[in-house]
Every structure is written in C-alpha cells, then in structure tokens.
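Let me give you the structure first, and then I'll get to my questions.
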C-alpha cells in the first residue's frame, strides 16, 4: 500500500475528487495548506502599505491506495489538477506499513 | 457644537452658535423636539464607540489582539463614562476660568430635573441639562478611545487604564473647556469648532502620535506583514461610525433645527465625497481601489467635516471632503513611511491631520462666523491659533503623562513574548475565536 | 415606564410616574417631540434583540450552534411581534382585572389614528397609541429571547417555538399587566419598575433558571471546554445592547422630558460603573480583566438600572452599578459552580439576580416614590413584594409549561447525536461558516 | 412617503398623503418634533446600507468576494451621496415635468436654512428642506446598492461604478420624480407608494434581473456549491435592516405623527408575520426552518409593506406579510430553478416580486386612498398601472445602459481566472480574513 | 520508529487524547481535515437550493512512536475512536527514518 | 528523496522559511496544527469558568528534498526554530518513493 499526497490549487479540488471517484477511489482526506514555491506570491495593499504574501492557499489530498492502482491515481490527479501554469502543485508517493478501519478493526487492503 | 457667543447674554447672531447657557431658574421651558433629537444623538454617539470604533479598529489588528482593542474601548466607556459624572463635566463645563472649569458641579451637584441648557436654535431654546451632560459624555468617551489606534498591539492593559484616566482629566477636560465653554479662551477668540475638530480629533490624534513614538514600533514592524485580521469587521465599524456621526455632528446643534439639518447634510456630503475621491486616487495611484481605503476615506471625510459642519455650505463640504482625501492619503501613504513611525491604525494621518484640515477649512469655507469675526481671512487666523495650540498642548501634556507612567510602570509595553503570543491571551486570558 | 399613578385620574405628583392613560376622544393633541423620541426608542429596542442580543448570545456558543441562537431571536421577533398585535397587547394593557387584561383590544380593535396614550411628562402629554403599542411590542419581543441564554445548545427548535408562544401568553402578558397596567395589583401597590426589572429581567431570568434545570446540562458540560466561538461577536452585541438600552430605559418615560433625560443619564452611568467595577474585581480576583467580563458587566449594569432609572439620582445609579457587579460576579463565579446548573450564558446570574437587585435598589435609592408611598423603607417593602411574587410566579408557571411540553414533545432536547453535530445542522440544515 | 395630494394646494384629506410642498418664503415655522424624527430616520436609513445591506449581502457570498460586496455598498454611498447633492435632488424633486425634474436645484441652489418642506401630518407642518434632502438621499443611496445582489461575485468593479452612476441618473431619478414629485404622472394618477415599493424595490429588483441575465451565471453555478460564507453576518445585516426600516417607512410620513406611528406599526407587524409564515412553509416543505429563510423572510416582509405602510390597517399588514411569503418563497424556490437564472442573492424574488406584491396589496388593503380615488377597486387599477410601468421602464433602460457599457468596457465580467481567485484580490488587492 | 496517522470523528478527539495519554504517549499533533469516504455527505439548504456537502469534518492525529508501542497506540485509538457507525475513520502506520527535538537537538528515540 | 516534517512555534515560521530559502529549498507546504506535548497548555477564563487548553497552536512544515541535503535542511530548521524553551517542536524525516510535478509531469528529483 502507498500513500499518495497531492498539493493542488484549491479550485481544482472538485474536479480531482470526481476524477478519483470515477476510477474507484473510495476515500480521500483533504486539508487546507499554504504553499511556498516557484509560483511567486502576490502583493496586497493595506492603506498604502504593501504586503508581499509568500504563502499561497493550496489544498492537500491524502489518499491511501493499494500498490496496483498507485499509477492510475497519480495519472488521474495529474490530469485533473493540471492548468499548465506555475503553481499547479506536486504529487508525492510514500510507503505505508499498515492500514486499519476504526469501525470494524479490519486491517490492510480491506481497510482502505 | 459651538463656537462663540452666549445668545441670551450677548446678542443673538443670525445663526446662533453659542455655548449653551445653563439656566437653573426651574421655570425654563424645554423644547421636546430638540430634546428628542439630542437624546437620539447621544445614543448614536455611544454607538460610534461601542461597537463602531471598537470594530473599525478591532478588524484592523491581528486576531491575537482583537479583544484587547475591544476592551480598550469598553474601558474607555467605563472609566470616562463614570469620571464624567463624578468630575469631568464640572472640569469641562463648570464655570472656572479660561483654561479649565471648576469643581462646582462635581457629582452633578446642583443639577436637577429643572436644570436646562440653552441650545443653538434661532432664537435659542432649552433642553434638559441632563441631556446635554450625556451628549457630552459620549464625546468624552470616544476621544481617548481614538488614541488606541496608534498604540494597538503592544501597550500593557494596566497602562492603558491609567493613561486614559489621566489623559481624560488633564488633556480632554481642559481642551473641551477652552474650546466649548463660554469662559474658554479659544471659545472667546471666536474659533469655530462645531462638533469637535480640535477637541476630539486633533487632541486625540496628536496625543496618539507622541504615544506611538514613545512606545516604539511593534515587534517585527516592517519585516513581517501585519494585515488586518478581518476587514469585514472594520467595514461594519466604518458603517456604524458613519451612521453615528450624524448624531455627533447634527446633534451638536443641540436642537432639531435648520442648523442641525445643515450639519447633517454637510456630514453626509463630505463623507460621500471623500469615499469617491479616495477611490479615485487609489485607482490612479495603485491601480485598484481598496476596501480599507473606502472605510478610511469615509472616516476621514467625517473627521474633516466635524468642526465645520454647522458653518459651511454644502459645496464647502464637498471641498472639505476632497481636501481631506489629499491630506490623509498623503499622510498614510508617504508621510508614515518617510517618518518611519508605527501608528498602527493611522490615527495621526486620519484624525490629527484630518481634524487639523477640517479646523482650517472651517475658516476657509465658513459662511457664518464665530462671534466677533468678520470674514474668512480673520476666521482662518483664529482657527490657526486654535489648531496650533491643540497641536502643541495635547502632545506635550501627553508626553508628560507618559514619562510619569514609565516611572510607575517601568515599561509601558507588554513583554516581547506576550506581544508575540498576543495581547488577548496575555492581558485578558482569552482567545477571540475558537471552533 | 411606570409605576404608580394615573395622573389625569388621581393627582399629578411632582414626578409623574403613572401608567399611560389611553384617551380615545379623538381630539387629544399629541406632542411631536415626545412622539419622535418614542418612535426612535422603539427602533432602538428592536435593535437590542436583532441583532444585539442575537450577537451577544450567538458569540458565546460554539460555532456549530450559532445559527440556532440567531433563529431563536428571529422567531421571538416573529411570533411575539405578531401575537402582540393579535392578542398580547390586549392581554397586557386591556382593562381587565388586577391580574391580566382582557380581550377588548384583540387585533387592536378600537385603536385608531386618533387614539392616544398619556405619558410621564409633567404634566402628562399624549403620544399616538400606535406608538405606545409598538414600543411595548419591542419589550415583549426581547423578554422571551432572553431566556434562550439558559437553554442554548440543546433545546429542540420546535420546542422553543412552542415554549415562547405559551410563555409569552401566560407569563409575560400577566406580569406586564400586573406591574404596568393601571389595574394591575403590583402597579397599584406602588411598586417602582420604570423600564422592566420585574417584567423583563426577573421574569425571563427566573424562568430561564427553571428551564435550564428542567432540561439538564449540555452533553460534556464540565468535562469538555466550551469556550465562546467568537468573543468579538459577543462584544459587538454588548455594544448594540448598550446603545439600544437608552431607548429601552429613557423611552420608558414615553416623552422627551427631563424624566427621560434622567433615565438616560442613569442608564449610562450604571453601565459605565459596572464595567469599571467588574474589571477591578476580576483583576483582583483572577489577575486579569477579561473581555467577556467587560461585556457581561455592561449588560449587568444595564439590567440593574432598568427598574430604577427614572426614580434614582445619578449617585444612586453609581451605587446600583457597583452593587450589581457584586451580585452578578458572585453568582456566575461562585453560585453557578456551587449549585452545579448549566445556565449556558448566565441568564440567571445577570438577568434574574441583576434584575432583582435593581428592583430592590429602586426602593433603597429612590428619590421619587411610587403612588401613595412615603419614604424609602416603605418603598423597599413594596419592592420586595413585587420581587418575591415575580421570583415565584414566573418559574412556577414556566415549570407547568415545561411539563405540558414534555407530554407533547417527549424529550425537549435534541438527540445526543444532534447535540454533538450541532443544532445548526440538525435543526436548520445549515452551517454558519464556510470558506 | 407619499402618494397623492398636495394638501395646501388641493384639499386636505382626512389622512394627508401629499407630496411635500417646498415653501421658500423664509418665515415658515418648522416643527421640532417632526424634524427630530426625520433626522433620526435619515440616520437609520443610512444604517440600512452601511452596514445593514452590506452585511446581509456580504455574508451570503463566498469569502473571496465579501470585500467586493462591501465596497459596492460603500461606493454607492459615495457616488450617489455626492451626485444627489450635485444634481440628483434637482432631477428628482425639481419642478420639471411629469417624467423628470429639472436643473433648478442643481448643487442645491436656492435652498437655504429657511427653506422648508411640508410634511404629511394632518394638517401639514414643515421641516427644514435640508432634512428632506438628506432623508431622500439615503433612499437614493440604498436603491442602486440593492441591485448588487443579482450580479455579485462576477462584475468588474469599474463597471459597477459606471453602472450605478448612470443607473441612478436615468432610472432612479425619473422614477422617483414620477412617483413622488407632485408633477409626476404616477403621483398625479393617485397611486400609493408610501415609502418606495415602486421607486426603491421594484426599480432595483427588475433592473437586477435583467443585469443578472445580461451578465450570465457565475462560473460553476449549478455544479459547485456556493454556500454563504458567513450566515451570522447575513443575519446581523437582516437585523440592522429591520431596525433601519422603521426609519425608512415611518420616516416617510416626514412627521412624528399618528401616520408615522401607523407606518411603524405596520412595518413591524408585516415583518414579524413573514418570519413566522416563512418558517412554517419551510418546516412543512423542507422539514426544517432555516436561518437564511428567517433573514430572507424578514426582509421580504419589510419590502412588501413598504409601499403600503401608511395606507393599510394592522390586519392589512398581516395579510401582506403572509402574501409576500407565498410570492417570494415560490420565486426563490421554484421560479429561479425553473427559469435558470443566477440572481446570486435573490434580488428578483425578494425585492422585485415582493415590491410588486406590496404595491398591488397597497391597493387591495388600502383604507385611505390616493388623491381622487374612491375605493379599493379603483386604487388597484391605478396601482397596476404603476407596477406595470416600473416593471417595463426600469429593465428596459437598464438594458440600454448595459449595452452601452459593453461597448465601452468590453466584457462586464472579470476574467475567469479573477473570478476563481475571487474579486477581493483581483479587484481590490485585499483579502477579507487573515490570521 | 513509526508514524501513526489517524483520521477520526472530531467529537472523539478528547477521548482519544486521554486514552493515548494514559498509555504514555507524550506528544500528538492534530489538524482539522475534511474527509470523503463511504459515509455520505449531508445536504444543506440555502434559500431553497440544496447543496450536497461531500466533505465531512474530521480530525487527523499524527503520533510518532517507538516501534514497540505501535500496536498499543493503534489499539488505544481503535477503542476510543470507535462508535461503530460508518465514518469512524482510519489508522495508517508509516515508516520514519529519523526524529529530532528542536529544543535540544536530541535525535532518534530520545527525541520523541 | 525524503520528506522532512517539522512542527514549530508559529511565530518562527518566517525565520525558518527564510533560512530554508537561503540554503536553496524551493518549495514548502505549511499547515496550521495544534500540538499536545510536554509544553503544558494554558488556562483561559470565561466568565469565571476556567478552561484548560491542552492543544497549542503550532505550524507544520512539509519539505521534500533530495537525500543529499536532508541534513542541511534539518540543521537549518533546528537553528531557526529554536528558542530553547519547551514546546519548540520536532523534526521528522520520512522516506519517499516518488515525486511528480503536476504542471509538467516531471518525475523524481527534477520534480522537487
């Protein structure tokens, strides 16, 4: 099993979610994050003063999947989240040792 | 309110702008319409502080300091509201001399249900003195609260409490007396300060400036960004200030008269003009008109028209609204960075300089003059005297207060750690927002 | 409003505090200044509920329950506002007997553009009866809404709707009649309740207490922390309550008179005093003055001065402000944990006990008495009678209502799951905040 | 305000509902009580826009667009407030013809401290013309601001500024003149529009509809959920609107009279009724009464009673409150999805149709008629004429404005990217909330 | 060392925290997340319009523990977070290479 | 490649970000979290009632880096985030299997 983490642009969340659903992903955990990267922040004005905002709002998805569909998941995200403009975000794949479902106590693949 | 002459004692000018005569004969009749309006206006002026100003300022600080700002406003309403009854009213409007009142009305002694104050209707009519006292109380409450904008996010709460107590007694009461009591020397000089450009905005604004300098900048100022935590709160505050300001300015006629109507009209007109002018300037200068600019502009327009609203024509109000945009926009955009002071919420640029402009403009655009004045040139000179005096007196006395307070409290600021953690928790043990 | 004598029928006391005489002759002249002030005051009193109280309470609950609180206020304005016209005004101010009015004015039958109510000016003048009806409507609206503070975060919304409907009819209308209508026995006893210490604050506060006990504590009370989700909202609410309270109290003179002015002055003074006193007590007792304390103090001061504001001197107002701080601070800090009840937002400590203290203090510090009363000792005894009656009548009838409602609705509370998820979603299908 | 006859010129009906006579003789006495109330009402009506409407709408949009909404309100107060003094008042209330006023009062030329307006007391009395000007200014300010609800979250800010400027001059001023000036043809036809069902709500509501259609839907409308970002803000706004509406409606009597009292009472009663009725309908239809429903209902009730409030009985107000619930609930629940337009905040369902229902109901339930009208049937016919005219005139002229603006600005909408990022940042360079 | 991540129902946070405390866990990092899973979202009403809310509020816990108590931690969470109803959440176990305490610079097991 | 996670005191964020920038880190993802640890919570007062707040606001940084600069990154955080007082936070290093840049589809080291 793997954990796929993706940092994407917030307005792409719905599209990515639907795309993942359509390939059979049944669970996603989402959090609001702020990203610092190549995409440069913008400047906000407050009463004449300018503030450079380095951190841009992003959304982080965490999806636990069986090894065999990792590539499908990655591809789905790649496709749905892409605008082609800087700041589209990243996908990370991490190893996972174990998964459990709290409700039933199931373990491993069944728990996903 | 007020400039110049006591109608029943001196003569009655066409547009009577005298200090209220406090008749105690017990038989004076009161006018119910005038009384109704000044009661209303008093409530509106309280609303300017609670919650108007509290929101306007509270929205501009970071979320870790918003409760501290709100509490500074609440304590101003508490301390000044109480002191006003006990001693402030007497110091400001008791007979006294040309600099300050006396103790003749301490704890409102001698004021009864029959006491009346004469107003600025033509010819003057009466309202209950109790109403006049409360209308004035609301002015006394908002003035020290205005100062907090300059020292937000860093002053110890204990220091704030001590500061406004003393400042109210030794700065506000004397200035109010000098400008608005018939015995006050600025009043007698014929200066126009209809609703408090000198007394309220300049006195607080210049005091705020010196306090900001004395206190030093916020930790991280200029390095970290310190954006307003909630501009919507700030704009709600601006809206309530605008609404309440009609009570502030038109209420200062102490009557439901054409004079009140003129003051009301000029107030709205100047504010509207400033909003339009500020947006235009920002659009031109920055490419975008900001919401904070809109709120600031409204307040700046209201500040500037305050001293003038009973003495200028509607066109005058428009000029004043344009003028204050130039003054305050320049101050907050260029002067502040140039002088490198941390006036957190721009009390100096908006209230001190906006108020000074308004006081000057009261002379320039006056169509009715102060007592004994014959023309705008003379009026301008008199106005300048008042402006100069306030711009020196208020900050100098404030500096003295601050020096004394430093002797007593050691540092006037919270510790660095408390400042980082936020004043809400360190000074009040609370957090503004939780889930 | 009101205590004691009907001026045109009995004699005219120096300070007339009679129930309004409703003259229908059609030729009575109305006073426009008085009318202007009571119109204004009516709007201010609505603002106390919407949005004042709604915010004050809404800020104190958790974010999952804030809409439920707001809706409880809106429905109070809806249901009571409508019932008042249909039947409430008649029950409260229709002639009737010494306990309750009658159905003579159902749906305002017989009230026309010419109907007038006599007011508390000296000598009495008239305002249109329509104005009196609406001023009173706003009192009727806020009173049941006050109760929600004790039952917040757990009562079914359907139960709330049924509860306030019945409570308004069988608790509020009778008490209002007994205390404020010329036929009411408490009124006739000479009790002072100028703007509603008994009628508004004690009646709601004691009813709230019994409802809180009947309902039981919130799930997790005492184990989990349940901090206010937005203290800024709460403090905005407190500010608007303070502003509106000037209409509540000074409007109760039904005139733009010295009496209104005195009530106004006392109102502000008591609130300011309480804010200072509460901050001092907290500082001493806890090491820090809290923002929630500041807001609570302001409201407590306003509650306490409510019954007394037309009959005490400004110094009396100061004593009342200090007294209520002692009473309410003790109640919320020591009594509540000791008795272990879950009065979510402290209606009992602030309104019930603050109102009772104010009603008692109206006797202690009165400088003008109720009809037929000669001195403070006698007045205190009369006040005690009113206090005792209200403190028994309101909760007993409320208990009966609750028992009946339990028969009808089964549980008065939402299910545990709904309580955990929050009442906003379970009762209204909405969430307060989203991105 | 107003329907029908100029009392001092024609005859004086039992309930005088004439357009104000503007006497300039300089010796006319003003009534202070009337003046006090209209001053107060003017402040209350400003509060409806700032911050009332700003909050009501601001809470309903997504958090990335809230500042844009607030700024649209501020700029309406700025632009229209200024234009009103310069030219609007003259266009609306200058003598002119039956369609529009003239330039005789440009920049208030000829208006002095002595100018008075006659009011709707019986017999008519005077208030300073300055007060009338400002009371009307507040109506002019809120009307264009109402439109923003239909175009929120997508219109370029520059387009908004241009749009309201032109719309105010070519839609609002003519309609105000036709309906409220003694020379206006709708006025002369005897139509009832006491406080602006045609002038304010229908004119803005129908214009909003066409603008929403012209602009197209928000990106993602129907696919993404776009829930209100802060319903508490929305409900605060609704509460302040309710409070301020008493000034709007009862102030339109221009007097502190029984007529004002009746308007006040009807206003509150209709709003309360609508809140109860809407909650009942939602409970029945959806299983739960929503908070947004409560707020919407209050506003809808207030809209519907606006034209009728001075001419119907309290029972009439109740029927009107029930009727508007049916009309507006149906519109927002069934009509909107059926017609598939994106009127973001339901200006059409609430203001256009609610206003039309109110204007019709003014005829159905009238107990006092317009000048020259003898009975409800005749009055209904006259009302229909006014309704029809407004429902055609306003959107047609608005369409013309929009076409011109598209020629000038290219697209009236922000770019897709800006829409996604939010208008706060793209149009104003700010974010509403930060930590 | 392992990283245990648990996505649970928000109102279970206090119970889980206490349960973990009682078995000696000294550090937890918590974040608010939104979860998409088998538990279907609810429908919100706004002026007649219905919005389906797919994402439900959840709380994510991250706990770094030594290998030998992973099972104890997992069991404690399983027990405290369980309501038996759909949406109770998941537990994931991830491998960790290293841990440091910023205050002291300690590394590995001592840093936990 | 590794994922470095750091939980730090919020007011240190700017310093840490600058310090990381200066050693060439080009991307950081930041989230607001609440921490429970040795640093004991404070007590808040609400109308006489005291609430113990166990969870303190912290900021979590996630940084994906190539293996060779992990130590530099860790050191930079250690230095910039340290106040020496309890509650300074932790750094965790996790293994990563893969990284992708959504905009370009690049994979591995190039995608960082």
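Letters A, B, C, D, E and F name the chains as they come in the text, with residue numbers starting at 1 for each one.
As a convention for this text, a contact is a pair of C-beta atoms (placed from the backbone, for glycine too) under 8 Å apart; a residue touches a chain by one contact, two chains touch by 3 or more.
Quick caveat, the model's predicted, so the values are computed rather than measured.
Visitor: Spell out the chains that contact subunit E while also contacting subunit F.
Guide: A, C
Visitor: Touching both subunit A and subunit E: give me those chains, sorted by label.
Guide: Intersection of subunit A and subunit E contact lists gives D, F.
Visitor: What is the distance, in whole Å, between the centres of subunit A and subunit C, each centre taken as the mean of its C-alpha atoms?
Guide: Computed value for the inter-centroid distance: 53 Å.
Visitor: Taking each chain's centre as its mean C-alpha position, how far apart are subunit B and subunit D in Å?
Guide: 33
Visitor: How far is the middle of subunit A from the middle of subunit F, if each middle is the mean of its Cα atoms, in Å?
Guide: A distance of 18 Å separates the two centres.
Visitor: Among the residues of subunit E, which are close enough to touch at least two other chains?
Guide: In subunit E, residues 31-32, 44-46, 94-95 touch at least two other chains, as defined above.
Visitor: Multi-chain contacts in subunit C: which residues touch at least two other chains?
Guide: Each of 31-34, 36-37, 40, 44, 227-228, 230, 236, 256, 286, 288, 290, 292, 429-431, 435 in subunit C touches at least two other chains.
Visitor: Just spell out which pairs of chains touch, all of them.
Guide: Contacting pairs: A-B, A-D, A-E, A-F, B-C, B-D, B-F, C-D, C-E, C-F, D-E, E-F.
Visitor: Touching residues of subunit F toward subunit E in the complex: what are they?
Guide: 2, 6-8, 31-38, 54-55, 58, 60, 74, 77-78, 81-95
Visitor: What residues on subunit D touch subunit B, complex-wise?
Guide: Within the complex, subunit D contacts subunit B at residues 30-37, 39-40, 42-44, 46-47, 49-52, 54-55, 58, 66-68, 70-71, 74-75, 77-82, 85, 107-108, 113-114, 127-131, 133-134, 137, 157, 161, 230, 233, 236, 256, 424, 427-435.
Visitor: Please output the residues of subunit F touching subunit B within their complex, sorted ascending.
Guide: Residue list for subunit F touching subunit B: 11, 14, 42-46.
Visitor: For the complex, which residues does subunit F have touching subunit C?
Guide: Where subunit F meets subunit C, its residues are 44-49, 51-53.
Visitor: Which residues, counting only subunit D, touch subunit C once they are in their complex?
Guide: 15, 31-34, 36-37, 40, 44, 62-63, 121, 125, 227-232, 235-236, 238-240, 242-244, 246-247, 250, 255-262, 264-265, 268-269, 271-276, 279, 286-292, 294-295, 297-298, 314-315, 318
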